[in-house]
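Below are two complexes that have subunit A in common, paired first with subunit B and then with subunit C.
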Partner chain A sequence: MNMHTQPQRTPAETALIDAFGDRLSLLPGDGAVMLKRDDAIEAIKHGLPTRRIESWHYTDLRRLLNAVPDFDPAAAAKAIAPIVDGSTVLSLLNGVSNAKAPTVEGVSVQRLSEKLTDGSIAPGLDPYGSDDAIGALNTAFVADGYFIDIADGTELEKPVELQNLQAGGQTHVRLPVRVGSGAKAVIVERQAGEGAALTSSVSQLVLGEGAEVTWLIVQEQPETATHLAQFKAHIGKNAKLTLFVMNAGGKLVRQEIMVRTTGEGADFKLRGINLLAGDTHTDVTMVLDHAVPHTTSTEVIRNVVTGKARGVFQGRINVHQYAQKTNAKMACNTLLLSDDGEFSTKPELEIFADDVVCGHGATVTEIDHDHLFYLMARGVDEKSARGLLVKAFVAEVIEELDDEAIIEALEARLDEWFVTHG
Partner chain B sequence: MLEIKNLHARIVDDGTEIIRGLNLTVKAGEVAAIMGPNGSGKSTLSYILAGREDYEVTEGDILYNGQSILEMDPAERATSGIFLAFQYPMEIPGVATMEFLKVAMNEQRKARGEEPLKIPEFLKRVKEAAASLSMDMAMLKRPLNVGFSGGEKKRAEILQMKLLEPKLCVLDETDSGLDIDALKIVSDGVNALRAPDRAFLVITHYQRLLEHIVPDSVHVLYKGQVIKSGDKSLALDLEANGYAGVIGEAA
Partner chain C sequence: MPAVQDTIDRVRKIDVDQYKYGFQTEIAVDKAPKGLSEDIIRFISAKKDEPSWMLEWRLEAYRRWLTLEEPTWARVNYPNIDFQDIYYYAAPKSTPGPTSLSDVDPEILKVYEKLGIPLKEQEILAGVQKTDASEFEEASDNVYKSGRVAVDAVFDSVSVVTTFKKELAQAGVIFCSISEAIREHPELVRKYLGSVVPASDNFYATLNSAVFTDGSFVFVPKGVRCPMELSTYFRMNEKNTGQFERTLIIAEEGAYVSYLEGCTAPQRDENQLHAAVVELVALDDAEIKYSTVQNWYPGDAEGKGGIYNFVTKRGDCRGDRSKISWTQVETGSAITWKYPSCILRGDDSQGEFYSIAVSNGYQQVDSGTKMIHLGKNTSSRIISKGIAAGFSQNTYRGQVSAHRKATNARNFTNCDSLLIGDQCGAHTVPYMEAKNSTAQFEHEATTSKISEDQKFYVMQRGIPEEEAIALIVNGFVKDVIQQLPMEFAVEAQKLIGISLEGSVG
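And then the complex of A and B:
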């Protein structure tokens, strides 16, 4: 006899819980890690978040995650060419790291499976709260990834490209990266594949004093995949982080971004492009904590919505009580190209300090008819003119990156999307 | 080359009639100046020729080389050889000027059944045209018209005209916002394009531009009609005596 009335589990919840039972003996981890996994699966047993949970209001995961694929040991993803020639490629093929990863001077790379086995990364596995479904999912199942340490003062000439590639089934990876004082690096996080996979991926970045990092997330999953990702960063004193996120694929995508300025003079830039097509759902949710005085941030998100696609941007900036002289600006602009598409924007500023400059703005527009007329008046046919203007709308964000090789690489990814969806 | 017959046109949004029975003929090789006070319909005429959707032709016709263009969209008109140099060229962030020039030139070539230009040939043409207008190539690396001064925008319009080699060039107040030096450069650019198979419709407020681009005919537009036509001496007369006399005669 049942004493408790629990809401009936969805097939996806059941599949996740069953999969955990099946996978448990294969998951690496010492006692501490396994305890975290148990806690995490308990959280999932309480049910995936619904629209009644505020942070999931626009992405009802319980309703939207309607199928979870089994783990597929036969899936064989293949490494792909990096977006910038000559990059150091660290690949995760179906969630498994490369035992013979290339080496770069000043960069230490360890397989995450080893760090799980010895338990040294157990403290970092805690989800950040009861609504952290992605953190919980990842902690329960994470089996591999890379643990990267860039030594103080190292200036990487070429980008490091972290490739997380799937060919179906489930993959759960984690990428902790520490960038030492004064170090400079460009890191590409490539999320792609060709199956109806469920992927969870958690990146954890710590920037030491004066470090400068450009981190590019290029997400091009197929329109059959569920992609649940987190990017967490702590930005130290006088350190600068530019995070560029490009979502150009996936059936159900949530990219969470949790950033905290931890030292005075820290600067954060978020630049994002969401290219949404088909019958898909893409959510970018940012929580930024200005936790110390004199830190700055700007966030610019540009969205192109076609077909029946739905998009979400939630941007929350918390300015802590002592974080005086904070300067934060957020903008989210959407080009809505279809009557059936939609985009929801929720900017939030929570300010406890009294001497700050903070602002946000959101627009939803169609193609500017004056611009269209101008291009057509030069002989560019309507379809091409529209294509040029849509591309221009998002390319503006890319051009700000101020690095020719990266701009070219990202524009190539953009062109690729327009070829298939333009 | 251009024959406008009893043209009536109104603003789509509010139905205001701007062009009210306009007649005008421009022959190949001719430079026709259109003058008139503010609000007479000069800019509207240029937009209607280029095919802007904000205006609706309710009566009459526009024949270009004997064919009506009313059913053609702006791109079709452009590829058939009609070019409008805008009074206020639009700034289009994110579209690199060079990329735009390449796309526009190649789209027009495609429409004429020609092969796309090879990159070196394209660059050569742009460099030559830019040099002739004293334009810095660095400017062309910027997004289209973004951050260009008024004079730079006008030069960029003439640059496009040179590169696209249209047959009917409509210049809408190309002189506005130009200082004397820029006016000379732009006028020289236009004069260099004068050819027996090319016609110009030069819309302006002032005689000043017509000292540099000497017209074959001058037409006064008022309340959506051509109320007087003459040769270049008409422009001088207007400069000396204003529009009042001409308007009075017509009334």
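And then the complex of A and C:
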């Protein structure tokens, strides 16, 4: 048996470790937080995950992350208009929260830097496992974000839009959100900016009994950015979470989604569209735990791959031993439109309860020739016909959201992508 | 919904403590000393009277193996295997290479009789003994007479007998043990051995390359349709031995062969290692059908003992329009780690994988397939059914990939699993990788796939819903069972009888 020797550190690993040393004195946090940071950087010192780590099989972070920009104190990101008019905007410009954040009745908003300084956020900083590179990276460097608490019974009329905008350098933010029982809210998470930045962003959502939340992640990073994001949620009794993810940018993107049903009657819906162009590498990885009986979930992911883009979807549904009567369905459909593009998918089921209905389906195809013929026979030229079919393929997922304003807003984002990449 | 009672009863019948083949036989054996070293490999090679290139090949594999690490990615748990605590060679003493059944130790014949190899096979075994000469004449005018099976019986490390050799030779088919092939047909073995599963392929395949002791060799020449089913029956008898067999099947242009494999082992408290390699090569327009009924000792109800079955099986559709089809019925082994795969290299080639895996007791199954699409217009089909009961873990792990140049690659995958009880687990881990825009891959893992239309059609004719579903399910399962040669179909039928009601993806 040969011995595994610790391989040489990559420039990116070295840059991260060095940056930690440089930044340490500027990072907020009490003793407990600082201990978590030390643990996290230790994990990074062991090396970024490679394809030998199963959860990173298709995204060899060690190989793909080949440059880490320095922190750039001069970078000045500009706020942008929210996707739905009248939304309450909480912006993070270059990783820094707004001292004068707008107020909404029933919603308490705190700057995360304060929660780090007083240490009250420390317990939530642990990565979830040894392969949680994004969690570790974020814990080591997180400096700010928003801590949001929506009081029991609050029904928000307008969406809350969390904007994480950068203009180069590195940003590491965290967005813990608690939604009280019976509360209803629409939350938009915007991820955008300019320049060759490295961003890590971790959202943590806890839904109380009967709460209903629609959370939209709209990721439109520039083609030069590295975007490493995590969305974690616990769904309580009879609570409903609809998560919509749109990836339409970035050079190296990994969006992890970790959801756990914690109360009976909990329902989770994931709808995702990945619009991949240029030479992006975009990975959406979901782990869904059905941990209690009588919970339901459906996941639909639609991917469009053009250019030299590489797309990945990994989705794992774990049904725990006592989670009887689980009903879980997952589908991942991909349109592969270019010969240089590629898409890999791994839809997994891990089932330990016997009285459940679980299923998954996955397809990878090109545009249906019959559909194309149908349109062209009616005088639509080939390019427009293809455009129509591709758009219909992804728009179908958006139309499932039952809020007109949101559907319109997302379709506008979709149109914009097709104008530049169609 | 939970599994129906009928299914539960049927699965119980094949539960681990019902293992029928657990007897052991006292037979004088010739064993190599325990452990593994270059000397042991030289010993095996010398025993087999092998040419020097073969020994070199083995030694190279062994040196390679020393640098490899045991894979840990599969969903199986077992204590570390002490590779120095295994006998790598054990052969019945009284049979230094028999040529006909009459030379075989009657004790061994009794073993095969007791194993309940399908009745037909036993008649044939008897037939060889009695009518060796007359059979030859008969064969010449009726080579395509159906229902006959040529058997290669492998007992521990050696092949004890191969039947119907003469008749096969008449058709130009070579069917013999691999040791014999290395001696008699070195040019063929040298050309193809390791060309599908290279000696450096993976930990267990490399170990096998170093120490394989026997197995079957099949060569079907150009344009020949093999006149009968070929079969190998593996029996592990000796304590603390590992069985490392190597099978190589070559179908030349336009040839066809159907091959089946069965295996059993005595009931013992210790775990035994079985690490086989099977290589299939199909040239232009050739077709190979490979069926397995795997019934190694699965361990007792407490999970003690049983066979560790770490097998590398791979078929190479090297020629255009070639076809390789794997069918497996897996009920045995404490641990199964096996992914019969197809490399679809030739244009218009086809790969198929049909599997039924039943796990019980503390069995762990991690099995599936790989379909690697390289050529143009290649297609593959995967049908897998896993049934887990007791405390077992049943995993389907499969990979389908289309390379850049594999235009119009097609795949359809369907895997269903069924859980009986809440102490077991069923897992599905499919990998799909498309690098060609004309590839069309479909994967599904549900049972609700019985179409409403079909159900409506049947019910409209006055058949109640439950019967309608049963009818449709049976019709669907038939696809799998029909892939098996008659001789094994009966055995498999019992398993397939298990309704899929209540299954999950």
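We take it that the second predicted complex is superposed on the first by the 416 of 422 C-alpha atoms of A that agree within 3 Å, B and C clash if a C-alpha of one lies under 4 Å from a C-alpha of the other, contacts with A are read in each partner's own complex, and residues count from 1 in each chain.
Quick note on the criterion: contacts are C-beta pairs under 8 Å (C-beta built on N, C-alpha and C of every residue); 3 or more make two chains touch, one makes a residue touch a chain.
Source: prediction; values computed, not measured.
Peer 1: Figure out whether A:391 sits in contact with subunit B (first) or subunit C (second), or with both, or with neither.
Peer 2: first
Peer 1: Let me test your reading of the model: by the given contact rule, A:365 touches which partner, first (subunit B), second (subunit C), both or neither?
Peer 2: Only subunit C; A:365 stays clear of subunit B.
Peer 1: For A:382, is the partner it touches subunit B (first), subunit C (second), both, or none of the two (neither)?
Peer 2: So A:382 only meets subunit B here.
Peer 1: Applying the touch criterion given at the start, work out whether A:250 contacts subunit B, subunit C, both or neither, answering first, second, both or neither.
Peer 2: neither
Peer 1: Which partner does A:176 reach: the first (subunit B), the second (subunit C), both, or neither?
Peer 2: Neither: A:176 stays clear of subunit B and subunit C.
Peer 1: If you stack the two complexes on chain A, which partner ends up touching A:345: first (subunit B), second (subunit C), both, or neither?
Peer 2: A:345: touches subunit C, not subunit B.
Peer 1: A:373 contacts which: subunit B (first), subunit C (second), both, neither?
Peer 2: After superposition on chain A, A:373 lies in contact with subunit B alone.
Peer 1: For subunit A, what residues appear in both contact lists, the one with subunit B and the one with subunit C?
Peer 2: In subunit A, nothing is touched by subunit B and also by subunit C.
Peer 1: Which residues, counting only subunit A, touch subunit C once they are in their complex?
Peer 2: Interface residues on the subunit A side: 1-2, 54, 57, 321-322, 324, 329, 334, 336-339, 341-366.
Peer 1: If you look only at subunit A, which of its residues touch subunit B in the complex?
Peer 2: 369-371, 373-382, 384-385, 388-389, 391-396, 399
Peer 1: What does subunit C use to touch subunit A in their complex?
Peer 2: So the residues of subunit C in touch with subunit A come to 1-3, 66-69, 73, 404, 417, 419-448, 502, 504-505.
Peer 1: Could you list, by residue number, the parts of subunit B that touch subunit A in their complex?
Peer 2: Residue list for subunit B touching subunit A: 50-53, 73-75, 77-79, 83-84, 86, 89-90, 92-95, 100, 103-104, 107-108, 111, 143, 160, 164.
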